[in-house]
Amino acid sequence: MNILILGDIYGRPGRKAVKEKLPQLITQYQIDFTIVNGENASGGNGLTTKNAKELLNQPIDVVTMGNHVWQQKEFLETIEDFPQIIRPLNYPEPCPGKGYGIFECRLKNDEIKKIAVVNLSGQIFMPALDNPFNRISPIMDELKNSADLVLIDFHAEATSEKIAFGYFMDGFATAVYGTHTHVQTADERILPLGTAYITDIGMTGPLDGVIGVDREIILETMLTKRPKRFETATGAVQINGIMLEIDEIENKVIRITRLYETIEENKK
Amino acid sequence: MNILILGDIYGRPGRKAVKEKLPQLITQYQIDFTIVNGENASGGNGLTTKNAKELLNQPIDVVTMGNHVWQQKEFLETIEDFPQIIRPLNYPEPCPGKGYGIFECRLKNDEIKKIAVVNLSGQIFMPALDNPFNRISPIMDELKNSADLVLIDFHAEATSEKIAFGYFMDGFATAVYGTHTHVQTADERILPLGTAYITDIGMTGPLDGVIGVDREIILETMLTKRPKRFETATGAVQINGIMLEIDEIENKVIRITRLYETIEENKK
Amino acid sequence: MNILILGDIYGRPGRKAVKEKLPQLITQYQIDFTIVNGENASGGNGLTTKNAKELLNQPIDVVTMGNHVWQQKEFLETIEDFPQIIRPLNYPEPCPGKGYGIFECRLKNDEIKKIAVVNLSGQIFMPALDNPFNRISPIMDELKNSADLVLIDFHAEATSEKIAFGYFMDGFATAVYGTHTHVQTADERILPLGTAYITDIGMTGPLDGVIGVDREIILETMLTKRPKRFETATGAVQINGIMLEIDEIENKVIRITRLYETIEENKK
Amino acid sequence: MNILILGDIYGRPGRKAVKEKLPQLITQYQIDFTIVNGENASGGNGLTTKNAKELLNQPIDVVTMGNHVWQQKEFLETIEDFPQIIRPLNYPEPCPGKGYGIFECRLKNDEIKKIAVVNLSGQIFMPALDNPFNRISPIMDELKNSADLVLIDFHAEATSEKIAFGYFMDGFATAVYGTHTHVQTADERILPLGTAYITDIGMTGPLDGVIGVDREIILETMLTKRPKRFETATGAVQINGIMLEIDEIENKVIRITRLYETIEENKK
């Protein structure tokens, strides 16, 4: 069984790349279940209802989010229409939407695997949501009892917090993968007790911008320290993510593989 | 011509790995010039005079530093004894030590290449040193006129600042490589105007800790938010870095390659 | 009934000022109950067991703490020996010590008032403890039922978070007073629903330092951005705090008054 | 000679209070020169060209700014039309506008005093502008030679940085006063070498909001950690500031006095 997870879909270029390449990736790698991070899918800022529908019309099973989840004001009201969309679990309660879900995945042999997907936000250099380490503990029993696999999108900035969370879940989760920095890391591995881990799976969006944004704009803000309206970069696109190969008998991850593809700009 | 750069040497395990493996790496990859980041070489916290000498007794040409440079108080007084050690250029003046240096590298054909090595610290999620973008501008002419190659260790946390700096130097520097997060990124490439770039080259130190520190200690601080004295992790070690292949005629980088080796613990 | 609350006792000068002046203040203002913040009482960094005893040998009823509470490692083990010492409630559980306590205060007419004292830490520009707004809610019933008066030391940096917390508690708490910035604010007042409020009650410690520390040391760190060992400032001392006048029939605060005294250095 | 300085004018309520009360304050306290901080004058966010004109139609001599100075995009283009408006000096160069100005003040006896007004932004918990301590040094000679009095609006968050800057300027500046936190502090005094100092002069705007913003909105963001559009609070208004009494012979400050007035809401 193979699971594909794509890093933060950034703006129109990211959505377009998903639309054009996802079916082919699914075929090529015999993918059974697909997750994407959607926190930047609408112009870099959250997810509109329209774009949520657009993503879920692709062969995507679950969309996780991050600190940008509430950037589109309407989404507070529409998120509950989309059970496949998971926002960080550690927003203080009450909060619209769900922080985890258990999804069914029908394998080629018609077996059903139950896959728990959890989204958590880090606290270091991030908004002070509830402590993610302490927030997951009370649901661990439920996850263990209800799901065959547990996949955790740990959306965070600091490498220390991400690695620590990986070890915290080692032996419990099938995989802990980081998102948010928009740069894929090269440290994918199976931790000592069997959990697949990577600090960041990267971004699916413009290759030649600065984490999605037009680079001239960012350079101007760095040089002047004056604010400037962000615009999505144009040109070539990168598709970043990971693939998890799962032992269907043991429900354990056998291999974590990075996916890092670039698509040249279509010069018409 | 080949240049080897190793990421933050962390504590005794990192120093030991350098001592044991660097000669072999230099032979295996026909390395002509070696740089390491030494900001964590002494117990994770800066660099003692003793460890500085120890590092420079290895086949290391230049040691760059970072935000931990002044952690060992004695180093403020001894740094100037080591012209091969470069601290972030953007500390406010006056400041002991140098923020860049121009070093000679004798190639196998006896030709001498002049290599400028610059160290800069980012500002985002970091101490507010002087603006690194504006700090480098006044020395660019000197670097261009005095050196055949310009290598920049951009020591920073935020991916946005690092990528932006890479573009800022694109076409001027031979390479801009990130340090500080202790996790190697998978985004190495040659930027459009010819500068080699990677967001972080990673760490040379304990594999199974949290960016160098014993993982149980870090987990306790994450769960409790109470401080705890850090200790260096033990066990297997990783050697992280990059190699740059240089066209000796054009003085341009042809290839950037990640180095990510792990050394199993010696079970006695 | 009158309550005296002194801001962060800083180092030996702060402790000395308390010892010398507190009895006189208690007499002069007919104080019935005294609280001090003790997070900086030992050299600016937390509270040693010895200094805890020393403070509690003065006519002090309760000592609240803050982000420095665990700076003296021994205190994790000894805090529970001191039921009069309250640390921020919103450290993740389990945590040594208590985040609130209910204390008895015998008035001149021998009536006993039950006074709840709560300590909470803000999250903005501070370590990410649990959300203080959400953390206090589950104990509000208990506080209301067990205590005649509720006093809250909200230890925080950002004025926005402190003012917001004041309004959040307005009508419930007798008083919400800020600590941590070491500078007394001039905004003391009774909020619309009856809670006394001030953004910061200030510091009891050296007058001519920088929030307690020798000013030459701090100036050097500001100019150079290099770390330097902190030392407590010497010279004149300030005693900062507030007094609350309570209507004993209604158990309501009638007046909040700032206390800001300075003691010239004893030139021998 | 008397100087009046008002803290951050916040939104329409702040502008209205200035319009209604400033003439009376000037008469009552025999004010010769008036400065206001205008960084929040337009809906809490920067200053529109229209509101800049409106402020300068009042008896205001100089408007200083802060981190919100570029919030109104148009202001980058219009700031230079207003020589009386001063933005933080330590924005990286080049930057529109000026970081200091020297203004003439005609006294009742027709003598002209030259008053330098400087605006600087702190770095702690603030955007990383250039180091304010190091940025002012190169202009100190010019200020000393060209002006009779030097007034510095140090716009910063951390009390440590503000107090340190006060000491740094002690004996050079006539006054260093803080802005930005929107809460007036009670620590006004003349420093040992003669400079008047206060950590924050407070805000001129809504009394019952949270540093200007509607308190229900802020409370919701604190409880939920979800973003919400800010709106200016309504109701009663506070006028915060300081007055400096100057010895016209010595050009030295004799007294610093806090101004803290509240205006009840006009119930129609």
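Every chain is named by a letter (A, B, C and D) in the order it is written, and numbering of its residues begins at 1.
The criterion applied here is as follows: a contact is a pair of C-beta atoms (placed from the backbone, for glycine too) under 8 Å apart; a residue touches a chain by one contact, two chains touch by 3 or more.
If you want to know which protein each chain is, UniProt gives these names: A, B, C, D = TIGR00282 family metallophosphoesterase.
From a predicted model like this one, the values you see are computed outputs, not experimental measurements.
Undergrad: Tell me whether subunit C and subunit D, two copies of the same sequence, contact each other through the same residue numbers or different ones, using over half shared as the line for same.
TA: Counting which numbers both chains contribute, over half are shared, so the two copies meet through the same residues.
Undergrad: With contacts defined as at the top, give the pair, A-C or A-B, that has more of them.
TA: A-B
Undergrad: Using mean C-alpha positions as chain centres, tell me how far subunit A is from subunit C in Å, no decimals.
TA: Taking the average C-alpha coordinate of subunit A and of subunit C, the gap between them is 43 Å.
Undergrad: So the centre of each chain is just the mean of its C-alpha atoms; given that, what is the distance between subunit A and subunit B in Å?
TA: 30
Undergrad: Of all the residues in subunit A, which ones touch at least 2 other chains?
TA: Counting only residues that touch two or more other chains, subunit A contributes 92, 128, 131, 134, 223, 225.
Undergrad: Which part of subunit A faces subunit D closely enough to touch in the complex?
TA: 70-71, 73, 76, 91-92, 95, 127-129, 223-227, 229
Undergrad: Under the stated contact criterion, what part of subunit B meets subunit D in this complex?
TA: 92, 123-124, 128, 130-131, 134
Undergrad: Note which residues of subunit B are touching subunit A in the complex, please.
TA: Going by the criterion above, the answer is residues 125, 131, 133-134, 157-161, 163-165, 167-168, 181-187, 192, 199-200, 202, 208, 210-211, 213, 215, 218-219, 222-223, 225, 258, 260.
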